[in-house]
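First chain A sits with chain B, and in the next complex the same chain sits with chain C.
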Partner chain A sequence: MLYRKKRPLLVFLLPSLLLMAVFLYYPFVENIVNSLFDIRGLAAARGEFLGLGNYRRFFSEDPVAMTSFFNSLKMMGLTLVFQVGLALMLALMVDSVRKGQQLFRVVYFFPIVISATAIGLMFNLFYKYDGGMLNQLLAKLGMDKVLWLSKESAYTMVVIPTLWQYIGFYFVIILTGLAGIPQEIFESAAIDGATGIKKIWYVTLPLISDVLITCVTLAVTGAIKVFDLPSVIARNGAPNGLTHFLGTYMHNQAFVAQNVDYGSTISVIIVLMGVAVAQLLNRVIARNSEALR
Partner chain B sequence: MKKLFALVLTIALLGSFALAEGVTIKTVSTFAGTDAAADTYQQLLDQWAAETGNTVEDASATSDEAWKAGVINDFAAGNEPDILFYFAKTADSARILDRVVPIAEINEAYPDLNLTENAAIAESDGKIYAIPVRAFWEGLFCNVDLFEKYNLELPTDWAKFETAVKTFKENGVVPMAVSFSDVPHYIVEFAILSSGTPEEHKARPAPGETVPESWVEGMKLLHELYEMGAFAADANATTEAITSQMFRDGQAAMQLDGSWFANGIPQERWDKVVVMPFPTHAEDADPTAFIGGVSMGFYLTRSAWEDPAKRDAAVDLLRYLTTGDNAVALGGFAFGGTIITSAVDMINNANDMLSPFQDEMDQEVRADKWFSKVPSIVDGTLTDIDGMWAEVVAANPFGK
Partner chain C sequence: MAMDMSSVRTIKKPRVTAGKVVIYMLLTLWAVTTVFPFMWVVNNSFKHSSLVVNDSFSLATGEVLRYDKDGQVVRERIMQDEYGRDMYDKLLFDADGNPVYEGAQQSPTINRSGAFADLLSGMTVPTDEANAHLQAYDTVNGKVIYDESSPPVRLSPTWDNYVSVFTNRNVNILRGYKNSLIISGSVMVVVALFSAMLAFGITRWKFRGAKAIRSLIVAALMFPAFATIVPVYRMLSDMGLYDKLEGVILVQCAGNLAFACTVMMGFINALPYELEEAAFMEGCGPYGIFFRIILPMCKPALATVAIFTFIWSYNDLFLQMVLLRSNALLPVCAILREISSQYGTDFGMMAASVTVVVVPVLIVYALLQKNIIKGLTAGAVKG
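Here is the complex of A and B:
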């Protein structure tokens, strides 16, 4: 009844729609077109028409692109387990704590408010081989120095702070979801004999399934776009291009190599992957949550 | 009360119209942040504005890839400044040449000005578009106190350099500070210069040609230095900010870099650092040769030139910034001590000053086909150096 007249609503919605069209959809369409042409340099004019040449190069001729693609895929899996999974565990534990819940909220959420650049610089100093914090600790313990950003370990070392930073974000969302479950339901479940793991599995998780779906979707799509922390910790995919993600490789191609058309191609692939993964997740999780219910 | 408020507003409005006499000149430069002449530049703009009654809108910022991209984007969008301080005779400047005015054209229209036409920065069409105010040099920075501590001679030849590297390595000091993944620019250029004659360094091979032997040997030299222990163990992974800080803190003994790097060396170390040419590895290399030149200059944009309202003022500001004491003030460095005296010695003793050839390369070719391979060359996982150069040259790096 309140919104019987729809026209005023349209008037309010139109400006944001226009803004989205001008600053998001139009550049995206331009980006798709750019990926089909040869563009040498930022703001340079479109050159030769390449068709799908850049996409072919990405999937069959560029080993660094494949590294970044698989690194991003691995990152998606790791976010599910170590960001949403750990956040869920922490939230379940903190929800059971009667005293000090606020303290835990602040402690776990704190990394979110620190800029990624600052965290990246901090971890750079941790990982530094000569005089880095971790190697100084090892020296105090009488142990040999470790090359933390070696070819074998660099990916893990870059992923750790990237995952760690956002655990608190999902922790707070899940904790808020848990707080919304009426206490009576738990009391009824307890009368029916549901305690401990059973209570979590049969009562808690189904009741926060919507929250979990949101967290998983945000985490996985965020993993595809990851850029800031890896960019600061491992410049240009260091070492030897092994720690490139789709986001960092796109930036490297567009702004370092000034290979704008190829950078556009990678950004189109990022968007397509994001949409596809989000759709897939929605369907899988929705089906599972129905089953849980 | 409302009447009074309206009156004040009206007076303010009229006042702003009165102040808006003259024209507004838009400027963009790199005289910002820690640049030695950042304050001087702002003072000069203020003085010129006060003297002429014109206004200057300055958008200077520290130079990096984002800044360069912003400048190019502004040109592409028709939003270029009137006066620009930007790179000259590089792949970057090649993209703005049709939107800036040759100095000869300005001198022809304003013969009294007699603006400097420096042939060293003539572009590929033979015309000079920029007026430089500051030269640069690149060399081997050495922490003298570390050399003294370990009784080492400064690396004036390869034998002394090798001895220094080995001694520093044995004593837990990083011999050379460098990040191959972040800024390999200086060391690759010097490795090539050290591995052959200056003429080979001046080569600009076209598709179908092969690179001089020193270009191959120079890349092999990087791996030789790696095997010798000349770099930190994480030289392929760490960042340039960290390695430079290691040099400034005295944790690393040597660093190849440019005159801009000296601006960040703290004053208490000005007399503990010297600059010298990188020692030669090949017998036919010139031990006095170094990299240097003029890399940036002031441009007058075509849009300001063709705007009758702005033209005289823009030309006058260009003259103001690039002549007499003002040009000298902008060309100064923010350091002194043995850094500057050793740099002067390096320049005075040189038989040859060479421009960095990588600056003339197409950025895509340089980044994708050369620099991205450097870490693998250094650690020995890429050994087909000829193949790498063949790919670089086939992409016509100097022809675009």
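Here is the complex of A and C:
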């Protein structure tokens, strides 16, 4: 009776749906179609139908594409170990102490609100060969200067700030999860003789598995979308495209080299990877939770 | 519950154990990694670039640079004598920027009393020539006060970096702020309002297609900006919205709506119907109910959505880079990237730009940290 008339419904739904249809769903589909055609230039019309030609090119003919693909894949693994892993350790430690919890939360979280661009600029100042902070530090310790963004180390140097920035994020999520565990459970565990590592492994971790799963999913799917920091610290995948990620390589191909079709192909691969990883994680999680039962 | 917890806590006596100490040390160590980099940047933003390059760890206390008689660069520490006049203690530097105190090599501390005699005896310059050049006018206490014949360049503390950041024609950070506020502010308001409207419609009306819309929204959560950007770029060009703030606003709104709708649907669904029914009995229509009842009740969820949307939009470099080209329209992040590419070797200016961008965010964060942490993490968990 109250919500019967259809006109108000339309008024409420249309603005959002229209915006998303025009700027999200339609481009998403068009982008997939684009990846199957030959398009040279951002303003150029679709040319010849290539089928999966661009995808073949990505996986078999383009070494930089492979570099970016594996860089993104490696990034996922690293976020798992270093972001979620470190965040978990920090959260367990903060949870075990009483004083200063709030302070640690505030301090650990704050790099997240700073734009990745500003953080990238900051790390540029650290990594500079002449007069960069790290080399000054080495000089103080009486050591030789190091070329931080060399071929061998550039990837690591780009990854470090990316990982560092978001640890506090997962830390807060896990800490909130830990705070939700009822105290009685720990008390009864203590009566049963569970202490230290044993307590963490058999009592705490299973109880926050939901939270950990969320963190893992967010971290891994977030790793595919890495863009800002690499694009500020190592432009165009410098040196030699070695620090390209799927996102930066996509931008480079579509908007710098103007290989629009190929750029679209890379972005479709990003989506497919995201879906695949999410599915895989769901599978693993489902199996594990069955095993727990 | 809260009472129980606190009583449990007071019963246990806090013990200082070795383990606790180690834990606090590790935690503090991590805190240092998040805080120290920013402090380093802020400190160096008050130094001349040449000083940042040579000596980035010193505090930005008074130091000037000038040329001595031989055209050699010398750095001098600014001090005040007992009459409040500036006086300079001379520091010479070797090629690596390490201080060399000639004539007093055994003691690296600055010898203030009798410094004049020490310095002169240790310098390669013959005394009378040095005297002619350096005209000390306060030798009563044996302190060196150089004249102004070679105008000193102030190395630190200096506002020069900030002046060049704010007056630079190519990269105007203040204008960047304005653009950022216009873009992110509009996106925030539009997304909060539209998502609440959609959530209200979908949770209150029964209609065919509601399920399809819900799954479309969930699917949209998985779309990264990369996957839509090329067609969006081409479309905006056709519509004449490329390189316009409106274009970026529209695209960012669409990109944030999926997440915002998810949060709002969950929240509005849980609101009780009774108030709305009562309002209906009083003769209130669906629009009145939405604006007078639903929106006020949604404040916490709206705050979450608004904070998340604003920060996401403010920090999103990719769309800013792709959809805007004119310098006059660039928001803060895109400006920063420009600065790093054009003035990457000007360390002082880079440090000042980072500071200028970080400090306002920091102030807002300090004021709203509880809401921000809650907003961002809640958003992530639901998104």
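By our rule, the second predicted complex is superposed on the first by the 264 of 293 C-alpha atoms of A that agree within 3 Å, B and C clash if a C-alpha of one lies under 4 Å from a C-alpha of the other, contacts with A are read in each partner's own complex, and residues count from 1 in each chain.
Note that in this section contacts are C-beta pairs under 8 Å (C-beta built on N, C-alpha and C of every residue); 3 or more make two chains touch, one makes a residue touch a chain.
All figures in this text were calculated on a predicted structure; none of them were measured in a lab.
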Fit or clash between chain C and chain B when superposed on chain A: clash
Touched partner set for A:166, first chain B, second chain C, both or neither: neither
First, second, both or neither for A:16, with chain B first and chain C second: second
Partner chain(s) touched by A:271 [first = chain B, second = chain C, both, neither]: second
Which of chain B and chain C A:235 touches, first, second, both or neither: both
First, second, both or neither for A:255, with chain B first and chain C second: both
Partner chain(s) touched by A:42 [first = chain B, second = chain C, both, neither]: both
Touching partner for A:69 - first (chain B), second (chain C), both, neither: neither
If touched residues of chain A are counted for chain B and for chain C, the larger one: C
Which of chain B and chain C A:129 touches, first, second, both or neither: first
On chain A, the residue positions that both chain B and chain C contact, one per complex: 42-43, 124-125, 128, 130-131, 235, 255
Complex contacts: residues of chain A adjacent to chain B: 40-44, 64, 124-125, 127-131, 145, 147-150, 154, 234-241, 252-253, 255-259
Chain A residues touching chain C - in the complex, by the definition given at the top: 1-3, 5-6, 8-9, 11-13, 15-17, 19-20, 22-28, 30-31, 34, 42-43, 90, 93-94, 96-98, 100, 104-118, 120-122, 124-126, 128, 130-131, 133, 136-137, 139-140, 164, 168-169, 172-173, 176, 183, 214, 218, 224-225, 227-228, 231-232, 235, 246-247, 250-251, 254-255, 260, 263-264, 266-268, 270-271, 274-275, 278
Chain A-touching residues of chain B, taken from the complex the two chains share: 65-66, 69, 72-73, 75-77, 91, 95, 172, 174, 179, 181-182, 232-234, 236-242, 246, 251, 362-364, 366-368, 372, 375-376, 379, 381, 400
Residues of chain C that touch chain A when the two form their complex: 4-5, 8-9, 14, 20, 23-24, 26-27, 30-31, 33-35, 37-38, 40-41, 44, 52-57, 96, 194-195, 197-198, 200-202, 204-207, 213, 216-217, 220, 222-235, 237, 250-251, 253-255, 257-258, 261, 276-277, 280, 285-287, 290, 311, 314-315, 317-318, 321-322, 332-334, 336-337, 339-341, 344, 347, 350-351, 353-354, 357-358, 361-362, 365, 369, 372-373, 376-377, 380-381
